[in-house]
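The two complexes that follow have chain A in common; it is paired with chain B in the first and with chain C in the second.
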Partner chain A sequence: MSAVNRKDSLNQFIQQIYGRPVVVKLNSGVDYRGVLACLDGYMNIALEQTEEYENGQLQNKYGDAFIRGNNVLYISTVKRRT
Partner chain B sequence: MFGSLLRKFLRYLFLVALFEMVVLTTFITPTEGIKLELPNTSFMVNQREIGDGTLYITESALSWVNRVSGEGFSLDYPHVVLHAVSRDTSSFPHENLYVMLDIPWDEPGENKAQETSDENGDDDEENSTSNVTELRFIPNDKGMLDAMFHAIRECQALHPDYLDTHSDDDEEGIFEDEDEEGEYDLGAGDSAIKEENTETTNGEPRSEEPMEMDAGQFEDADCEPEN
Partner chain C sequence: MADDSDQVPAVSVKEPLDLVRLSLDERILVKMRNGRRLRGRLHAFDQHLNMILGDVEETVTIVEIDEETYEEIYKEKKRHVPMLFVRGDGVILVSPPGRVGI
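And now, the complex of A and B:
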């Protein structure tokens, strides 16, 4: 059944992006860039070396950050910045 | 009698205004499910220092009580949008545990009175995010920051999204019910996992097909409620 395959490949994909830099956008519009440490079924997200961007401006830096899933608009991978 | 009630109410309003709409009430020390109890922790709301006190991270709530006045607050975990260990002393002079809330501070638990948070705008920067409250817990022992972070994280996991409870699906999470909640763009490979359907993150159930509006579709609808 295709649903199972999609589920598997989604899990596989999420496994692949652990430890990689991601951008998490919240419903409020604020972006968090950091290294993905954890992502669960509720879209709860743990990031390391987190940078908070508001309107493209760096606002804050955090060591570890935990974002509650219901606020997450999307998560996407980013190219590692040089 | 009604007059005295009104007076009490006005007095209450006055007291609340004195505290700049921050609701700190007489506090009952938590006794159950305490993950972490941390005395000598100062507390700030939106850059404003409240005082020194004790932080309680319990399974049901995040609480803090002022050491001097005995006033404090309790906060449900679903309001915690984000929490983080902030060690960047260029943006804030002390290492702290940063907590962002999705509600204005004056009425925790109720998403209203947005305009009041603008009134006490000490800083211009607050106005851009007046619906959001920023808390900072500054422990005397900076070595506790990681323990605080992980304790809150564990308690967060105990309180999944309450908006989701009316959903017919089981609550295993996005992977189990993704079939009904839109496609994931796996073909994009490295570039993204984006949910096409952003509403689902709010816990709103969605039908698979976009609804077609048809002028006549409710023509035969019964005006009387069924029950």
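And now, the complex of A and C:
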């Protein structure tokens, strides 16, 4: 009963954050900030205009970056204020 | 990958792996565990991100800490491999190279 609701709300969350700027943190502690292009059930992620942060700013990746899901600790939305 | 659209197109949801397929036969950058980076031409891949890469340059970056001065020394080792099979579980990130600035 409640399990079905949780599945729907997860799908809703994923639908909502498509196209938004997100932060993806990996198990290794590295941070990726970019626009969420897509996401699948394994937490594989495709990001656009990605920036990689490790301690300080490491690299800038433009275009698409695909992150293998097993490395992902979390995905979070972020309000970009620059 | 030639599209330069700023907005997200209103198409049906695709998988991230579908977008990797767009990079087939193109040069890509692969970031792997243990500080390894590969640059090569993507010939094939699967859902585990096992990959066949051709004309590959591997860069291994090691950080050594000097025991006396405690400073971090970055060392890079490169090697070139004509054809390489990459096991997917070591892969962290895949990206088309080009506009990568350090």
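The rule is short, and it goes like this: the second predicted complex is superposed on the first by the 79 of 82 C-alpha atoms of A that agree within 3 Å, B and C clash if a C-alpha of one lies under 4 Å from a C-alpha of the other, contacts with A are read in each partner's own complex, and residues count from 1 in each chain.
Assume a residue touches a chain if its C-beta (ideal position, glycine included) is under 8 Å from a C-beta of that chain, and two chains touch if they have at least 3 such contacts.
Owing to the predicted nature of the structure, the values given are computational and were not obtained by experimental measurement.
Enquirer: In the superposed model built on chain A, check whether chain B and chain C fit or clash.
Expert: Overlaying the two structures gives a clash between chain B and chain C.
Enquirer: Chain B or chain C: which reaches more residues on chain A?
Expert: Counted on chain A, the partner with more touching residues turns out to be B.
Enquirer: Answer with first, second, both or neither: which of chain B and chain C does A:6 touch in the superposed model?
Expert: In the superposed model, A:6 contacts chain B only, not chain C.
Enquirer: Output check: A:46 vs chain B and chain C. Expected answer is one of first, second, both, neither. What do you get?
Expert: Both partners, chain B and chain C.
Enquirer: In the overlay, answer first, second, both or neither for which of chain B and chain C A:18 touches.
Expert: The second partner, chain C, only.
Enquirer: Quick check for you: in the superposed arrangement, does A:37 touch first (chain B), second (chain C), both or neither?
Expert: second
Enquirer: Is A:71 in contact with chain B, with chain C, with both, or with neither (first, second, both, neither)?
Expert: both
Enquirer: Using the superposition described at the top, list the residues of chain A that contact chain B and also contact chain C.
Expert: Looking at chain A, the two contact sets intersect at 26, 28, 32, 40, 44, 46, 50, 59-68, 70-71.
Enquirer: Using the touch rule from the top, collect the residues of chain C that touch chain A in their complex.
Expert: Residue positions touching the partner: 1, 7-8, 13-20, 23, 33, 49, 88-89, 91-96, 98-102.
Enquirer: Inside the complex, what are the residues of chain B that reach chain A?
Expert: Answer in residue numbers: 77-78, 80-88, 91, 98, 102, 128-129, 131-132, 146, 149, 152-153, 156-157, 160-161, 163-164, 172-176, 178-179, 184, 186, 190-195, 198, 201-203.
Enquirer: Give the list of chain A residues in touch with chain C in this complex.
Expert: 18-19, 26, 28, 32, 35, 37-40, 44-46, 50, 58-68, 70-71
Enquirer: Please name which positions on chain A make contact with chain B in the complex.
Expert: 3, 6-7, 9-11, 13-14, 17, 26-28, 32, 40-44, 46, 50, 54, 59-77
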